Amino acid sequence: MISFESDYNNGAHPEVLRRLVETNDRQSLTYGFDEWSDSAKRKIREVCQCPKASIYFLVGGTQTNATVIDGILQSYEGVICADTGHINVHESGAIEQSGHKVITLPSHQGKLDAADLRRFMEVFTHDESREHEAQPGMVYITMPTELGTIYKKRDIETIRQVCTEYELPLFVDGARLGYGLMADDCDFTLPWLCTQCDALYIGGTKVGALCGEAVVFPHGNAPRHFFTIIKRHGALLAKGRLTGIQFDALFSPSPDNPNTVLYFSIARHAIDMAKRMTLLLSEAHLPFFIDSPTNQQFVIMPNDRMHHLESYMQFTHWEPYDEEHTVCRFVTSWATTEADMDQLAELLSRY
Amino acid sequence: MISFESDYNNGAHPEVLRRLVETNDRQSLTYGFDEWSDSAKRKIREVCQCPKASIYFLVGGTQTNATVIDGILQSYEGVICADTGHINVHESGAIEQSGHKVITLPSHQGKLDAADLRRFMEVFTHDESREHEAQPGMVYITMPTELGTIYKKRDIETIRQVCTEYELPLFVDGARLGYGLMADDCDFTLPWLCTQCDALYIGGTKVGALCGEAVVFPHGNAPRHFFTIIKRHGALLAKGRLTGIQFDALFSPSPDNPNTVLYFSIARHAIDMAKRMTLLLSEAHLPFFIDSPTNQQFVIMPNDRMHHLESYMQFTHWEPYDEEHTVCRFVTSWATTEADMDQLAELLSRY
Amino acid sequence: MISFESDYNNGAHPEVLRRLVETNDRQSLTYGFDEWSDSAKRKIREVCQCPKASIYFLVGGTQTNATVIDGILQSYEGVICADTGHINVHESGAIEQSGHKVITLPSHQGKLDAADLRRFMEVFTHDESREHEAQPGMVYITMPTELGTIYKKRDIETIRQVCTEYELPLFVDGARLGYGLMADDCDFTLPWLCTQCDALYIGGTKVGALCGEAVVFPHGNAPRHFFTIIKRHGALLAKGRLTGIQFDALFSPSPDNPNTVLYFSIARHAIDMAKRMTLLLSEAHLPFFIDSPTNQQFVIMPNDRMHHLESYMQFTHWEPYDEEHTVCRFVTSWATTEADMDQLAELLSRY
Amino acid sequence: MISFESDYNNGAHPEVLRRLVETNDRQSLTYGFDEWSDSAKRKIREVCQCPKASIYFLVGGTQTNATVIDGILQSYEGVICADTGHINVHESGAIEQSGHKVITLPSHQGKLDAADLRRFMEVFTHDESREHEAQPGMVYITMPTELGTIYKKRDIETIRQVCTEYELPLFVDGARLGYGLMADDCDFTLPWLCTQCDALYIGGTKVGALCGEAVVFPHGNAPRHFFTIIKRHGALLAKGRLTGIQFDALFSPSPDNPNTVLYFSIARHAIDMAKRMTLLLSEAHLPFFIDSPTNQQFVIMPNDRMHHLESYMQFTHWEPYDEEHTVCRFVTSWATTEADMDQLAELLSRY
């Protein structure tokens, strides 16, 4: 059955797989000291325009968030995020597992608001009992957000200003970073984003890899002993080549478009598919729950119709809307084809 | 300078002190196996009408919350509370320190609402991705709350029903329990409360002791190896007699009123003082921020007047109200005297 | 340069890779609910002769140890192991990261001794202050050990007896399980091992996979909410197919020998190579540091010779032996060839 | 029944109690900001000859160790100690509770040996896989040790040298510090000890207080946000006066000897009693298990005699010696009297 359930229900992008196959017979150093990891790091540094960046390859998103956040924070510090933040909702308490409070501010369409952040820090700083509270130690944002929305340049700049003022490192969870940067509405680039944050990760799992997230400390500012921190979090791959080779492929020139790297070109394809999907959903008279320019689309669906459609395709029940409607999520990915869209059109028109 | 800042800025109640002095020369077993701890436990069991209760004496409130909650929860579980709950705000992340998420629901005048709790559990239970979340493992409420308000019998019964339905242990933080139970509005007793919850603690520090909180598992239902859990949290007193003797005194018949125990009679005195204080604040044209029947009173104070009054007495800035007003907290305790109230009256009338 | 440094410096076994390629274009459910994970679980249950086993695929060894141990233990419990145990030495404190003490007993050639274990538990159980100690909550052994040695049937039976007597779950770290079971000296089978332990993991990373460890709870006795525990440890693969497909391949009939599964046949090959390697090292007059029947061989090497040899091949400095000698480790794997052995013979005869 | 079981089975020293009584009626600031805590800190700074020392009062020993160690270490670091160290044996895993490994070296009569420490650090520093291990982050010693022995000046100096060389903070657990410093054999003073270590605590619970340990960072080098760290560990007393008043009394001039403070004079009394006890045990033909110059004495007792004696007095079974003998511990304290010794003499001569 056709599925619009997620952007990680396929295997690897063929080019990524090709590189895994092609290198398979070669021996290498372990734990990320292999030649492909080195090469991938060089390429990412170049694309980020951060020659001094320290880069680490981890396996999955929750693991990456827990490891980076625990690496940056002191034991008594917490991480500030929007209450819809992945670390607050869907990571099974992985941040708290290493002893840190997740300090939530209201979500604005999935985004953290700089004004909220400033107000929180102002009140906190003047609070007589602030030493009785978990100390805010960093800020976490997702780009794009869990609701498919994206930050604008101006949003991030103002968050950055507050961070700078209060000495809070800024960490960008880019599990779907490619889909965010390639959205029509996105008004900044990866190199610019690197100038604004203290750490970010470039998600591979959802953008063409079998697994793997590339953590970037743009200014060479990795926490001390970050290798040990990774190991302590069970996040160190013995065969580091597995992630190294994949990111080396993803950050090589795109076969289709030599002006960009594979990571961006396949993300852009997903956006093109998402644009057609948005049109189809709209034509099917499904109102949007939120206005998303990325590869996740949320519509308000009558429950009857939802149950009908589910016999023919897969998508996600996001949350109840009211007694008779449900918010449903439809996702495209690098692997979505025009044929998939044709089939979606057909099904939506019929049911 | 006279102080209405807190209910723990005095020494011990004279009767508590007398017992410490009187027993000082006697040797005893250590770690809570002394005769006074035994005696205190017997008396508390009797007052609670829980002959099978397991009782432990710990030193302070945050410590008690962290130890009990960690003792009850499995590693992957979180504790549900109102967002104003002490464990969420003023315990420096002590719950997260042992790996547990604090799962917050909206506060209703400091209280957790049974309907909110039910809705949360219903949604959680039906959420397809619930295995990706911290599992709700228990419910925490404060009686009285951080805002001085109290639960009604009906409130607790309905919370209990939800807890029973979803197999969530219910834990009552009674740091100021005496002041809550002795409030005019309170429509239940300690024995009744013991029938509703799985664990509670009877606060000593704020009700006449130098330190000490009595943890009660009413049905003999202490977590396995709770002694080791206490020690592991650094919460085991070598000289357990220190808390044993104090609770033995607090749960002995009140010298002033043989029909009740000292703990209740001194708490009732604080309530009487609070009632007079409420009248004085009201006569001083200070609007109440919240309607509290206990020993903590919150008024909205013009900042000018606040600064004036602060030259003559101490009270707490709770939070900013607006640009020109501050919510201020005034507290009575077992140690508050009529003379203190006269002085308050005088100062309020003058400034 | 030829390398005998580890059994994880190659890519995947060709058959494993073939299956990854062959399935790459198919969509699947995520988080381990894909068809290949299901199939792999069925096959492993069959090979283990444990029809009720609960099986989970994790990514790496340290992660697996931390997740399983945290899943089995209560917060206040520790895990008993030999002091050479991987969890005690080379996992960067990952067990302590989730709050558990590693309780060490003396290593006997890498092995835990049942008599030591019994004595420890006897003393502990009679120790008056045992409630002041981390409670022993499970036993961890490695098969084969970090030194390449293996347990005999009788060893494990007696450890099991002590475990049963003291209600300690027994967990077998099988990062190199295949190499242990296929050793000439091994006098038990995987199904038998499953009858003796409460949990074990079948290592994939070091036996032909790109990554992946299969956790087996032989009696369907996975800890409650183990899925959430995995997620909380950052150990849940979004594309669970990655490990599912690989274990499906490893537990399919071996192309070379239909009487066994690939996992065992490639492990047996490594043992055959190790036997030849042992002969070569011996002929090169290198005394053995320990008598290992598996794919890891430890020899005592004069430092001069070591530095010479290092110009021509890679192996591991295990630990200093004395001022002039070093213990060196040579490892074979499923990927080691007769040609590699010829080259080793040549190099050893020359330098 | 007379007891030589511990040095914490009495109440407070009368002078300490007198000060608690005398100050009881006065109001004070909370959380350690009271006048007596200030005064006690001044006095301790003076006695330590550390005008810049940061000082904090905590409640008990395990709590203090866990809080200080967690405060000093980074998340991925462990603490080095002798394998007999209290933190390794009798604290229920409180150090691991906050995520840190206890890294043990062999005990030499309860002491850590500088040569062992140096060797460990040399090997660790050159270990190729050291980034896969918990990083050694500080050194913990007890003075006196759990076996009543004491370090000599030279011992500590050489440990300090290794610490300095490898940038390891040195922390002295002084739960019984008074008894160590007042021992005949002790060849250094508290001010000298302060020059050698980065943190120490002066134990009150076992030296005349009802509870309380004074943490001293001699060079004003408390970890950042140590107040919050204390709170997060549940170690912050609301009525900080309780420990402040007691330490103010203990560090006031001794009523018996104006040349020293009460803390030292009462510790010296315990040593005098221990010297007579040593004589009595020796005359009773009980061989010593270890040669201790402090208030804890360990003898090897035939089990028969032990059971006899236990009908008349209390002492501790330390550990089995052989089938027929047990190591028993006898302890004096500030509260031990000549009459107690007379009774001991009488009982030992009779049974």
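Order of writing sets the labels: A, B, C and D. Residues in every chain begin at 1.
Just so it is clear, a residue touches a chain if its C-beta (ideal position, glycine included) is under 8 Å from a C-beta of that chain, and two chains touch if they have at least 3 such contacts.
Source: prediction; values computed, not measured.
Trainee: Quick check: more C-beta contact pairs in A-B or B-D?
Mentor: The greater number of contacts lies at B-D.
Trainee: Centroid of chain B to centroid of chain C, CA atoms only: how many Å?
Mentor: Here chain B and chain C have centroids separated by 51 Å.
Trainee: Which whole number of Å gives the spacing of the CA centres of chain A and chain B?
Mentor: A distance of 42 Å separates the two centres.
Trainee: Roughly how far is chain B from chain D, going centre to centre by Cα mean, in whole Å?
Mentor: 33
Trainee: Could you say which residues in chain A touch two or more other chains, in rising order?
Mentor: 75-76, 91-93, 97-99, 131-134, 228-229, 231-232
Trainee: If each chain is a dot and touching chains are joined, what shape do you get: line, ring, star, complete or other?
Mentor: Shape = complete; every chain linked to every other.
Trainee: Taking the touch rule as given, give the residues of chain D at its contact with chain B in the complex, in rising order.
Mentor: 3, 5-6, 8-12, 14, 17, 20-21, 23-30, 59-67, 91-94, 97-98, 205-206, 210-211, 228-229, 231-239, 241-242
Trainee: Name, in rising order, each residue of chain B that touches chain A in their complex.
Mentor: 75-76, 78, 89-93, 96-102, 123, 128-129, 131-134, 316-317, 319-320
Trainee: In the complex, go through chain A and note every residue touching chain D.
Mentor: Checking each residue of chain A against chain D gives 70, 74-76, 98-99, 131-135, 224-225, 227-229, 231-232.
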